[in-house]
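First subunit A sits with subunit B, and in the next complex the same chain sits with subunit C.
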Partner chain A sequence: MGSLELTQGVVNAILLSGTLALVAIGFSIVWGILNIINIAHGAFIMLGAYVTYWLFTLFGIDPFLSIPLSMITLFIVGYVIQRYLINLVIRAPLLVTFLLTFALEIVIINLATFFWKGDLRSVTPAYSGAGFTIGAVQIPYVRLGAFAISLLLTGLLHVFLTYTKTGNAIRATGMDIDAARLQGVKIAQSYALTFALGSALAGAAGSLISISFPIDPTMGGAYTLRAFLICVLGGLGSIPGVMLGALLYAFIEVFSGIYAPGLKDAIALFVLVFVLIVRPTGIAGKAFYH
Partner chain B sequence: MLKIENLNAGYGDVQVLWDVNMEINEGEVVALVGSNGAGKTTLLYTISGLIKPKSGSIKFLGQEIAGLPSEDIVNLGISQVPQGRRLFAGMTVKENIMMGAYHRNDKEKIKEDFDFVLELFPRMKERLNQAAGSLSGGEQQMCAVARGLMAAPKLLMIDELSLGLAPLVVETIYEAIERVIARGATVLIVEQDVLLALEQANRAYVLDVGKVILSGSSQELMDNPMIKEVYMGI
Partner chain C sequence: MKKSGELQNSPQAASKKVARQKVLLGLVGAFVVLLAVLPLFASGFWMRTLTLLFLLAAMAEGWNFIGGYTGYAAFGNVAFFGIGAYGTALSMLRLHFPFFLALLVGAAAAMLFAVLVGLPVLRLKGHYFAIATVALATGVGEVADFWTDFTGGAAGLTLPFFHPIQLSNYFFYYIAFVLVLFGLGLTYFIMKRKLGYSWLAIREDEDAAKMMGINTTWSKVVAFALSALMAGLAGGIYAYWNTFVLAEEVFKIEYTLQMILATVLGGPGTVFGPFIGAFIYYILITLLVFFLPVGQLHATILGLIIILVMVFTPQGVMDFLSGRKRLTLSALLENIRTHKV
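Entry: the complex of A and B
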């Protein structure tokens, strides 16, 4: 394998890490703040992808422009699901919420398959195949755009959590519920908002994925697994942790695709086990949202 | 200001407080003392709304607050510096202190109070951008008291301030609290260190296995032979 292939691989991995960070970040805040492993996260990503697909197919709306709509839609979906469903079992053991979100995933996927059929679909704007080259390295516009938007949204989330009163209340809730309540934080509201934000970010990730890859109702499961691996790799509870985990995972995915296709998940899990042995808190450790 | 009548409370099926009666008047400093496991923290949690009482009444400024959600109780003017400090470890000192003012919207007054607590605890000024989890125990307690004060409480409740801290640090923090008291604050001090609490307070209640077994002025309790023997080891 030549140095060109290597360079192209590195560029691909970096571009992919942006989207993967966005895939994982919503999963991570929900896990970190609500202590819920949201199995339905991938289904939310799928819904976001379909929002973009339908807006493009029916109304010709540019997929990048549909991202805010996809986020708003998923924000509402997430808020309602948390407030009226997950909130009922919020104090229950992890296994109960695990099962509930698992069931939720199945329901969402079944409904999507029922209404939209199981066909693979693609969002194909005029520029979808276009790109530019630096030296001999190819950089497709859509991948670069997805990377930039992922970084932008991740940055905005960081700003929101760090510099706004509501963001601080969310972080406080994740660190010590009772102490947060003593400051007057309404926990149910904090939770619903966090879940809604996590869902909105999943929606954005789905929109970006739909521009680069074909979509179908069952696409989400693979992304839930990726989000889980990235969170554990990077360490739960911080944005830099997720980005680090996403970068590492993107390199594993891209390079195992070159050297050992088919072993991608095995290699990722092997690295995961190794990281957990060496550093049980994940690479960045448990920081609880900054 | 605060009037508790026949309060029963606990966790699940385990009842901790039995028919507790207690009263705090405006401008008073009241101590709640008792040994480990007497129910002091449970009483504070119940007042703050973290625990729902089984029965009984808690009136604050004439309003029934028993069973209200905690955010409403903070809004009414009761703030708590919880046992073990319970800071938000991953947040900075400044963020922690400002969380105390979370329920307030009076920006200018918040700024004034912020300057005041920094003046009370100059050490916090040097540490503003440091993670609260990286502070020493004494500094964490200062941060927790500062956070409690930022709520601009009408009634401030402080739970086990001295626990695990060096006497000199405890003294420094109590000196700061005395300044707050001098401004007319109403304070409920909960302590295992009975002598320390009685020195601060006008009046005191003694809680034992969930019941108020004794109450009176601090001087009366200090002279009480049972208190001397059981709690002060004299």
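Entry: the complex of A and C
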């Protein structure tokens, strides 16, 4: 393996880390604020990917332009699910909420397979193969675009949580639910908004993934696991932590793909269990959305 | 999961409770006798359905040890089912062991895996434990799929048929039935002993249990290994019954969900809960499939049942059957009342 392959691997990992950060950030805020592991997160990513796919296939809408639509769709889906289902049992023991989102995932994937079939599909705009080269390192436009949009959305989320009243209310809910209520925060509303926000980000991630990779109804499970792994690596509850975790994980994934193809998933799972056991609070330690 | 209001102080209430428990025990006894003589009347279809149901009930009884009594949300128990299936199949094919010896080898392999994995993983709590078990089950399934030289990979393993073939239905019905009874007996036996009380203590407050001098690590690993024993035996029986073992079939995450659902439907942390829950689940599924043209939407039905159970009766039906609670609308809404925001 030469230095060219190494440089290309580094570039690929950095580009991938953007999308992965977006995959994990929605999962992270839901976990951090609501204390729910949303197993259906990957199914939301899949739905976002299909929104982009159908808009492109049926109406020829550019995949990058469909991102806001996919976010709005998933925002509504997430809001309804949280407000009228998960909120009913949110303070029940962990097994209940865990099993509930697990069941949601099964239902969504099963319905998607039923209506859209299990075939692999891909979104192929005219520029999908194009890119530019620096030296001998190739940079496809779609990957670079996905990276830029991921950073933009992550930045917007940070601004929203830090500088808006609603964002502050969400953070307050995550810190101390009783204190937040005393300050006039409507908890049910705040939870539903957080979950909706997490789902919308999953939708955006799905749209970006559909531009670079083939999609099918079962694609989401692997992303739920990745999102969890990234949160564990980076530590729960901070945006920079998630970005660091995504970068670390992207390097693990890209380089285990180069050196040991076929064992990619096994290595990722091993890293997960290892990190959980050695450092359960994550590499970046504990922080909380500031 | 804490239960409150279980202690009823007045003597009338106590004697009523005992009487009620006797009735319940009598009903279960009559039911067991009915199941024991059923093959004399039932068709092959019903015997096969009940065999599947027994295997699920046995796995649910196993999950109950770790998930119900010890309170650890294990989401990877299908790994033990799969290892039991592969262990049994490989011992029969490669080592030419007779079925019962092979079954023990498969179950022992599942238990060994549970101990090795349990020692590090059972140190985790809550979500971390749950996801780690999901990841491990997925990982084991992938290894079984890719390790073609050893497991046959995507081609699967084909086992010999049971001989004589006319008795095959009876053989698997009774062996699965005995496994369920073994699980019930094992649960009852353990829960009368120190080990059982240590599980309950860990579930209610693990730190306090440790303070009381309970070796919590040992207790948890034993609970995990016993749940692996039940699932491993079920997997081995399934492998020989099905005469075919394939990784994507025996490591299906739906099996984990089914055993958890059966336990939760019946009543986690009760002796008969998983057994009763498995029946309720099968009756529900059979009725729904019968009356609705669901076809490919089987998984959606499973998901919807889980959602309804989680919202309305996450403590299972045992509370109602044993007379601890009365089945009223307000009892069904109690979960929402106490856990909503």
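The definition used in the following text is that the second predicted complex is superposed on the first by the 278 of 290 C-alpha atoms of A that agree within 3 Å, B and C clash if a C-alpha of one lies under 4 Å from a C-alpha of the other, contacts with A are read in each partner's own complex, and residues count from 1 in each chain.
Just so we're on the same page, a contact is a pair of C-beta atoms (placed from the backbone, for glycine too) under 8 Å apart; a residue touches a chain by one contact, two chains touch by 3 or more.
Since we're looking at a predicted model, the values are computed, not measured.
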Kindly classify A:Lys165 by the partners it touches after superposition: subunit B alone (first), subunit C alone (second), both, or neither?
-> first
- [ ] Mind working out whether A:Asp176 is in touch with subunit B, subunit C, both or neither, as first, second, both or neither?
- [x] first
Subunit A contact check, subunit B vs subunit C, more residues touched by chain C
Does the superposition put A:Tyr259 against subunit B (first), subunit C (second), both, or neither?
neither
Exercise for the section: For A:Leu111, decide between first (touching subunit B), second (touching subunit C), both and neither. Expected result: second
Which of subunit B and subunit C A:Leu100 touches, first, second, both or neither:
second
### Task
Check whether A:Arg91 is in contact with subunit B, with subunit C, with both or with neither, and answer first, second, both or neither.
second
For A:Phe213, is the partner it touches subunit B (first), subunit C (second), both, or none of the two (neither)?
neither
Next item on the list: Please indicate which partner A:Tyr191 is in contact with in the superposed arrangement: first for subunit B, second for subunit C, both, or neither.
Entry: second
Contacts of subunit A common to subunit B and subunit C in the A-superposed view none
Seen from subunit A, its contact residues with subunit B in the complex are 165, 168-169, 171-172, 175-176, 178-186, 237, 287-290
Residue positions on subunit B within touch of subunit A in the complex are 45, 48-50, 69-71, 74-75, 79-80, 82, 86-91, 95, 98-100, 102-103, 147, 151
In the complex, the residues of subunit A that touch subunit C are 31, 37, 85, 87-96, 98-100, 102-107, 109-111, 113-114, 187-188, 191, 225, 228, 232, 262, 265-266, 269-270, 272-273, 276-277, 280
The residues of subunit C that touch subunit A in their complex are 1, 67, 73, 75, 120-121, 123-124, 126-128, 130-132, 134-136, 138-139, 142-143, 146, 254, 257, 260-261, 264, 268, 296-300, 302-304, 306-307, 310-311, 314, 335-336, 338-341
